[in-house]
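Both of the next two complexes hold chain A, though its partner changes from chain B to chain C.
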Partner chain A sequence: MLQLARSFGSRIAKKGFHFLPDFKLKCGLEIHTQLSTQNKLFSLSTNDPFASASLPNHHTSFFDVSLPGTQPTLNPEVVLLATKLAVALNSRINMNSRFDRKHYFYADQPMGYQITQHYSPFAKGGFLELSGSLDTIDEDFKRIELVQLQIEQDTGKSVYRGSEGRSLIDLNRSNVPLIEMVTQPNFTDLKQVRAFIKKYQNLVRHLGISTGDLETGAMRVDVNVSVNEHPRVELKNLPNTSSILSAVKYEYQRQVELIQSGETDRYSGFSETRGWTGSSTVKLRSKETTIDYRYMPDPELPSVKLSPSAVQSVAQSMPELPDAVLRGLMSEPYNLTLKDAKILAIKGNGHDQLYTQTDLLKFYLDTFNCYSELSGQRLNPKLPTNWIIHELLGNLNRLQLTLAKAAEAFPPQKFAELLMLIQDDKISKASGKLLLFHILDETNTSSLAQPVDLGALIESFDLNTIEKIDMNELKEICIGIIDEISDPKLIEGIVSGKKKNSLKFLVGQGMRMSQGRIKPYLFEQAFKDLLEVKW
Partner chain B sequence: MSKVLTRSTPVWWLPRKFYSQKTRVIVGPRLKSLAEIKDYVGKPTWSVEEYLQTSSTSKAQPPSRKDVEKLLKLSGLPNENVEVFQATLGKQLAFINKVQSLPVDESLDPSHARIIDRNPEALDYESLSHSVGQQEAQKDKEIGEVGGSWDSTGLAAISENGFYVLREGLLKNRK
Partner chain C sequence: MSFKAAISRLDRVSKIQKQYNAFTYLNPNCKELLVKDGLCNTKKPLTNLLYGIKDNIATRNIPTSCGSKLLQSYKSPFDATVVKLLENAGAVSVGKTNLDEFGMGSGGLFSHFGPTKNPLFPSQDTVVGGSSSGSAAAVAADVLDFSIGTDTGGSVRLPAAYTSLIGFKPSYGRISRFGVIAYAQSMDTVGIFSKSMSVVKSVFGILDKYDKKDPTSLSEGLRGKLKQLSTPKSSYKIGIPQELLQDNIPSELQSGFLLALEKLEASGHEIYCVSIPQMINSLPIYYTLAPAEAASNLARYDGLRYGYRDDTADSKDDTLFAPTRSAFGNEVKSRIVLGNYNLCSESFDNHYIKAQRLRVDLINEFDNAFTHPNILTGSPGNQNGVDFLISLSTINLPPALSNYGPDCTSDPTNPYINDIFTTPMSLAGLPAINVPVVKSKPIGVQLVGQYGDDSRLLDLAAELL
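Take a look at the complex of A and B:
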């Protein structure tokens, strides 16, 4: 069976991928998201599922390992985070949701059942809207409707030791809170699937309810795929976005081939669950062997009764949602490009990062406001963007300095003053770059004098633009540069006017030597005079 | 037919049929002291034995061999003593049928069929946030809620470097 599936795979891979107009793809997603609560769902052990590498079974209470006689108590933080997500996804919150037991036997599930919400989930309905302008999809707008959100327990982790014929079980992840979100089968294209995953991932990071990482399993995506209304196939074990997309492509083509060959009745007359091997999907189980979960209301947990004011208060405590932030940054007065707006507003995975997007966005907005006040009518919106996104972030990476530390030493007000000095030509761009790097470098080594006095620094480094230039001195610099040129054809080209652009090279050398403090047009004139250029 | 009081019915969980069947349960007066409870429990108004006896005459079919084997598999139990289970389960089914045929209060909310607070207070934002703030102080070492406060694999028959160990056979025989 496995062998058959593999040969199938290579055949499809060689043909390349495209959707066929007569075969309509229909997809739905089921996403499990680990909540970043302080503690676990039904106990007060620390929620740190990744402690396992060095400390297996470290964060496990009696309940988490299901010692007899222990009972669950709901963690209220889970309710707050679930409410946030439900509000952000426009879902109808169930003011009286309940927990149920889903029974199955597996080694990483010590109770013999998972506590989940089957009969009366936390929230129903809702949607996430994708747009052509923000989310790289072909349609202008695409609304993905949601079925429901439910709160449930995560399981432990098994490390399979094939050679020893046994598995090692770590229950650090046991009883970690999850939200399962199920969408309607609204996806008709791979771009929509990719965009939705990215958008949902950013949303949970933005709301601070999960790290949203696929790689660590903090977010796990299962996909339902059906073609031309044939029974759906559920794809599981998809570790990252590219395997999700590859698996959908593979499954689409597999189902199309089954339909074309008239074998649908034989092979997919019933829904089945398939896994992804990295190159093909393989059957895990079919409907015939579906597990009977024997759901029952959990007799130990009271219903989760919420007051309407609780939902209202959570909604009010939430930050502006990512789409609104992006649209705001892309319009007056900021006028950022989508790419730059995303740098400020879209969350990375947070690992090894020197700043959070929230802090970066705040630094940008504060700086923009200060600069806007100082510059008044002469506001150039590109200046703060370029200097923060390119210069500042570049330097932070180079120095491995956190934004928090940098902002403490060089706050938005000072940053705006620096921008004004550059805008007013008080210092050249090159000097500005040197100055910014110097300040950040000093901050890093904690040798910066506080508060930063830009004027004094400019004075001490002699960075002021040279207003009055001694023409003789300028001439000498230029002679020095010309003498250094080893290729006489370059000078000949300039004099004859055949290679006018070479003059720019000389000007560039002059700018470098004067560290940008002498204006380029002065150099240009001086070189022309010296070389007796007629053009 | 004697009255059935909810207090004496073992209502841990009733099968799904319970929810659809509109039957009636009569709830007695509230018991106010331990003495009253002792007194109440001391005088049984009905017995399981009685129902089992009366039901043995009814025509309840024991579950089929196939059903019992499926149940054993679901419960992770070895496929042994099937006839014994058939007989025992047959008796239990007859008992459940009997219980379900009794008159109960039709106005009863099925979600109340659990021995927990039926009308918990609605949670508001302040109480939720407050409870979250209290968690750190409430972590209880006695029930292992402090990381590393107990050797959780110490009770297991086999463990390895802090992991529980599962012998492969259990996994393989799932299907």
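Take a look at the complex of A and C:
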């Protein structure tokens, strides 16, 4: 039964989906972001909501389990991170924000209320700007306005054990700091939603305030959807970007069908909360059964007082924001493609990464600077890009070597020297690749920490381009290669000029044999002479 | 106190307990903690002083029940800051004292452990006052040198008056509330009972400390400021708020009040009449805010992590935790209902917000009445104001236990009227003290100082004894 429902649902959601011009989609997002602070929001217990499942209720203080007589003390690191986010999102920071209690009973809500900021949130307004050139949206620019940012506690976790007929409670996540960000319903299509989520996710990673992972629940997105100004429906329990997008599609079609069939009157006036099953949205609760949260200003937590100068100094301590970094990399002197710039500036999910984007970007910029000094007028911006983004990162992954360790043995200055050797044809590209791999491999196995001596290595491996070539010797090599060819048609093709490309094959053989130390054009000439090629 | 005297007091505990029901739990190791005379090289300020502590304050060695079935035999894994401070100062805990459940009540009757009775009336069961009922009774019965209570709307001052004790509620924030189980923490204040002013002063000296675990603890900086402000004078202006001159006060209380005024005049102080109009709204403000905070604070008692849990079910009629939470006493239940009503979205603006606003108005009027500055509000003080305020502590004499019951069932607001003299100071966080006027008679006056003026208030109160 479930299987059937699934395939039916996914067909609706995937096949033949398109927005109908008469039915305007309007979407807003509500994003909860767990902050990567050392400690929890109001206690000194370790903030590690994903402590291994074998350690439930491990990171819990007396306050987190709501023992009688305990009191909250605000973790100042949370305020620092919230300030960074608010500044980055152009929000107006409230110099005197306050905490309120939101009451509802639930087994993983140990105090019977959640401490949040309802009446006087941390920041109001602000926006995140999406652009066609950076964010894969159809419009040139799309500004998503924000309603507010508020600091609040996360709840614990309930684990249902259907077979035992009971649920287990894990309070490791209880009192973990969250920022809830609410956008205006500015989204009109799915690309904008996807782009916003990606962009916001990268921003919190870039600022170092959250891992931003949807899969772990460190970032959770609720979406409200309305069509043609009908009452909005709030979608919850959306574990990843694809389910967010599928749920919006499904919900759009469902609402359109309701409108088309005239059934909306039945629902008018009620905003509804719906969940996502993986294939369809299902009703969780509607307005009539909404809980009254009985918000109350917390009677003992002091307000969060900030001064404009404190906010200013946080703003000054912040790194350049991702859009500015991208645009910088895509213009003079770097001229990177968007794809390459994103490799340097957009954070991955951070799991078992060998480098942070900040470190990688710094390595790139430092190398670029050194290289640009050495090369002067002859600067070729593609050289550092290719050698860092493709060669270096490829090798780090292959060797499982961290960038930090690699940079000790092979700092930007040395890397630039290597680039110059290649640029000046002192060594071939192939030799350069071998050399780079060798250095990194050594670093990895023998913890070589001294910056390497490139010259000595090149000498010892005999990698120098062969400057003076004995033409006879070259001829010998070429004859040897031609003799090896078992297919006479190949040679005929070259001589007749019908298969000019086959000459490249011969040159390639020559390059391989000489390990790239003899320039290809020399081989080409030698083969042409030998075969008496006329073309 | 000498070892011998302490032992002989302890020997009376079980008899007193039987008669007045002052304790919920006794400390089994109490005698071993006493120090033999001469044995102790470094005498601590409270060595061998016996004390009891209200059972809504967390203690590690003895259970902490709040007088409630919900926390019956609950044992806290940590000590409240006040408990640690007293222990370090050498005081010896005799046990936990009885109370109205979670501090809600002014009679001392609403406890899961049964009512506490008033030792001033050994021959007739008489109301002792609450909610710090056991703390008052045990000191009045002379088995303790002092006791610790909590005062949210009068819960130290009222029972002190009914038992002829000194009952001191310091300024809000001076004594740490860490480990004090919240009833309405914007007003909850740790207070001290004793028959001796010097004991009250030295205990206050021990407890009056900044505590970083309590977000409402008065900061070191402001404490320093208070010290500079506190210059004792030989003659004070003392005001009688006319709003607290009520009709139908028993004549014994009235003459007690006059006696206190005469004494003060005789020692060179001047008496004035003042007006603080918002005081008449104190009861409605208090009974809007306190139950709202209580409803919130008591939401955690669901039985899942600690305390009592219903054997059969965690929910009833789709209401989570209803079976467990139905074990609250009736007074607590009605305050939770009232509090939730005040917080529900339809009435929040009309009730809670309005009460908050009136509370600020009340504080402003107090500021305007006092010559002393208010370091919290920034009020510079009114040069034409008074130094202290005086009133009676109670509107009546303690009724017999048998007369108390019907009152509160016929009109649920009736017992709240007892708090009329005490709630204004709680709302403003002011230091206030009940001073018995006639020895061993339940007649007490209340002296009140500006915020932070605690030490001068204690000195003035001493003159009345």
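Convention: the second predicted complex is superposed on the first by the 513 of 535 C-alpha atoms of A that agree within 3 Å, B and C clash if a C-alpha of one lies under 4 Å from a C-alpha of the other, contacts with A are read in each partner's own complex, and residues count from 1 in each chain.
Note that in this section a contact is a pair of C-beta atoms (placed from the backbone, for glycine too) under 8 Å apart; a residue touches a chain by one contact, two chains touch by 3 or more.
Everything numeric in this text was worked out from a predicted model, so none of it was measured.
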Clash or fit: chain B against chain C, after overlaying the two structures on chain A? clash
Answer with first, second, both or neither: which of chain B and chain C does A:Ser309 touch in the superposed model? first
Under the stated touch criterion, which partner chain does A:Gly510 make contact with: chain B (first), chain C (second), both, or neither? neither
Once the shared chain is lined up, is A:Pro299 touching chain B (first), chain C (second), both, or neither of them? both
Partner chain in contact with A:Pro121 - chain B first, chain C second, else both or neither: neither
Does the superposition put A:Ser66 against chain B (first), chain C (second), both, or neither? second
Between chain B and chain C, which one contacts more residues of chain A in the superposed model? B
Check the residue A:Gly112 against both partner chains and state whether it touches chain B (first), chain C (second), both, or neither. both
Is A:Leu55 in contact with chain B, with chain C, with both, or with neither (first, second, both, neither)? first
Once chain A of both complexes is superposed, is A:Ile169 in touch with chain B (first), chain C (second), both, or neither? both
First (chain B), second (chain C), both or neither touched by A:Gly28: neither
78-86, 204-212 or 420-428: stretch of chain C that collides with chain B: 420-428
Set of chain A residues, in rising order, touched by both chain B and chain C: 62, 65, 67, 70, 103, 105-107, 112, 169, 292, 294, 296-297, 299-302
As the complex stands, chain C meets chain A at residues 57-58, 64, 66, 71, 74, 76-78, 80, 177-182, 184-186, 212-216, 292-293, 295-296, 298-302, 304-306, 314, 319-321, 340, 343-345, 348, 352, 356
Residue numbers of chain A touching chain B in their complex, please. 38-39, 43-46, 48, 51, 55-65, 67, 70, 75-77, 79-80, 95, 98, 103, 105-107, 112, 158-159, 165-171, 289, 292, 294, 296-297, 299-307, 309-310, 312-314
For the complex, give me every residue of chain B touching chain A. 12-13, 70, 74-76, 111, 113-117, 120-129, 131-132, 135-136, 138-140, 143-148, 152-153, 155, 160-168, 170-171, 174-175
Can you list the chain A residues touching chain C in their complex? 62, 65-74, 101, 103, 105-107, 110-113, 169, 292-297, 299-302
